[in-house]
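Before any comments, here is the structure.
Lettered A, B, C and D in written order, each chain numbered from 1.
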Amino acid sequence: MSIAVLYGGNRPNGNTEALTKKVIQGLTVEEIYLKDYLIEPIVDKRHANEGFSEINDDYNSIIDRILQHDILIFSTPIYWYSMTGTMKNFIDRWSQTLRDSNYPDFKNKMSQKRTYVVAVGGDNPYTKGLPMIQQFQHIFDFIGTNFDGYIIGEGNKPGEIIQDKVALFAVEQLRKKLQ
Amino acid sequence: MSIAVLYGGNRPNGNTEALTKKVIQGLTVEEIYLKDYLIEPIVDKRHANEGFSEINDDYNSIIDRILQHDILIFSTPIYWYSMTGTMKNFIDRWSQTLRDSNYPDFKNKMSQKRTYVVAVGGDNPYTKGLPMIQQFQHIFDFIGTNFDGYIIGEGNKPGEIIQDKVALFAVEQLRKKLQ
Amino acid sequence: MSIAVLYGGNRPNGNTEALTKKVIQGLTVEEIYLKDYLIEPIVDKRHANEGFSEINDDYNSIIDRILQHDILIFSTPIYWYSMTGTMKNFIDRWSQTLRDSNYPDFKNKMSQKRTYVVAVGGDNPYTKGLPMIQQFQHIFDFIGTNFDGYIIGEGNKPGEIIQDKVALFAVEQLRKKLQ
Amino acid sequence: MSIAVLYGGNRPNGNTEALTKKVIQGLTVEEIYLKDYLIEPIVDKRHANEGFSEINDDYNSIIDRILQHDILIFSTPIYWYSMTGTMKNFIDRWSQTLRDSNYPDFKNKMSQKRTYVVAVGGDNPYTKGLPMIQQFQHIFDFIGTNFDGYIIGEGNKPGEIIQDKVALFAVEQLRKKLQ
């Protein structure tokens, strides 16, 4: 089982990253920090005559990398009760890939993967983060990926996540499962 | 009552824009197409010693414009069951403005506004778009803005929205209310 | 197309009932007021050796009636942000029917029906009623029924529902569809 | 700190009860099995001239008992993606108590309590149980009670809950907090 992590956060060493690092401790994973790449917002041309234009950014290279793996971990801080705009822009572009003749079996390949979400928020993430989890469920249902589980943690200031013992325990269980 | 519309879509003349145009028909409004501006993703420095860095993009100018108005309409296509990454990046940046000494009363001013959401989606938006509505509720609760209502429409191909008669009627009611 | 309405409310002539009556005006429907029947809460014996005990109440007779119809309308006031306990007890019992040898094709028959939900609430039903809609979606997904749409109305005191013009319009559209 | 548990399940020794028992192990609590009492569905007379009629069942005696305690644990299996009809009927009746002159400070007293929810489901409770959690949030927000946390467990057949190690760990943390 081969694993890729997609980090959506924009703060180095944030709580979400810290929690995710504990999930993958000792495992061989490919880590992708979305903030380090240029990912243009989608220009929605699903219904344009000319179709989508090729975009000259880093998006496709990230798709190429995640398609190699069996398991994808979406790691995002909860900003304003949802995934970060950075991660959302990445996912929005899937609409283009679904119609990209260079990726004829994108959906098929994605549907063979398993996904996890790791998310940390500061304002009651256990209830106010739930719509985001429901959205990930809809996203994964659409693309056909199996949504194998999620871990929500609570934390605000850097390092606070280590006080969320239930999240840490859940992380430990997930780590064992991924070994 | 002064009105601003924030468009989050990335397709010219899309269904969401078309539906929103019907809301504001005959009204004086300031229309802001987020896609036409450079809005960097937030670099989360809420807990950094140096604080947030000033970002040299168009974000603040948009904040300046919306702060002038009493009513804000968030108009977003439902991409992957949520607002567009473009709109999300705009909202993510509010975390910075909340700590920006140039905007000492940002939250206070926002809390005096009323907001509406207009959203169109193609995949069962009436149920699968609900987590997004819940997120807007959380967002507006946090910033103190009154969430006065939303309109969800169904449509995929350009122009399809005019077949959603309930959405069109709701738009008409909202238009009267805003007069 | 044959239609049954299941009323979950416990107030005669309440707003939900009034709104639902407008949906079915001029149509031939079978109306079932759940409050007028004895429906015991389920005693969950899915995993008991002896299986479910036969319950001597009105539940099965209602199942017999709804199975005759092609379209089911679930009409419930929003009490405490969800369907009424009366309606919930009725649905809880489906777990028994799914294992009842007298109803070997319950799920199959249910999966051929189309369903609608009509719900009225007094406390921001357009946002706070959304989890209930999501639950109906899960319920209908499980049983295989097509969830064709819902109408949420706002109203508290008797008669207030007629001020919710969007709900009334949606009702009118649904009525035309059901003709 | 004095604790009451409200059990909403209708199966003796079910997974939800088993998980809840682990929360309260070694603590002095008052346990109330709702299924053992007669709790009539509410007859909604909020707007009737004569007001609510007194109901001759066990409901008020349960209210009397829970009002004595500082912490309330709502323990419910997830039936059809929500709390049981039995528990819902109990909560529906709060609308009556809020207007009952024998309980003039019901809301005030409730608002001084802290609440927890313990829920076990068999069909992806970690995602499909989320609308129920959102409803409890709305319920507790309305009544003013602090919603201090919830534990969702996964289990279907009796005893399966002990395989949900994260739920068991969360239970252990909650037990320590309640000591």
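In this text, a residue touches a chain if its C-beta (ideal position, glycine included) is under 8 Å from a C-beta of that chain, and two chains touch if they have at least 3 such contacts.
It should be emphasised that the depicted structure is a prediction, and the values quoted were computed from it without experimental measurement.
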Partner chains shared by subunit A and subunit B (touch criterion as defined above): none
Shared interface numbering between subunit C and subunit B [over half = same, under half = different]: same
CA centroid of subunit C to CA centroid of subunit D, Å: 24
Where subunit A and subunit D are represented by their mean Cα positions, the distance between them in whole Å: 35
Residues of subunit C engaged with two or more neighbouring chains: 130, 134
Pairwise chain contacts under the document criterion: A-B, A-D, B-C, C-D
Complex contact set, residues of subunit C against subunit B: 126-127, 130, 133-134, 137, 147, 149-150, 165-166, 169-170, 173
Subunit B residues within the subunit A interface of the complex: 9-11, 14, 35, 41-45, 47, 77, 79-86, 88-92, 94-95, 123, 128, 130-132, 134-135, 138-139, 142, 156-158
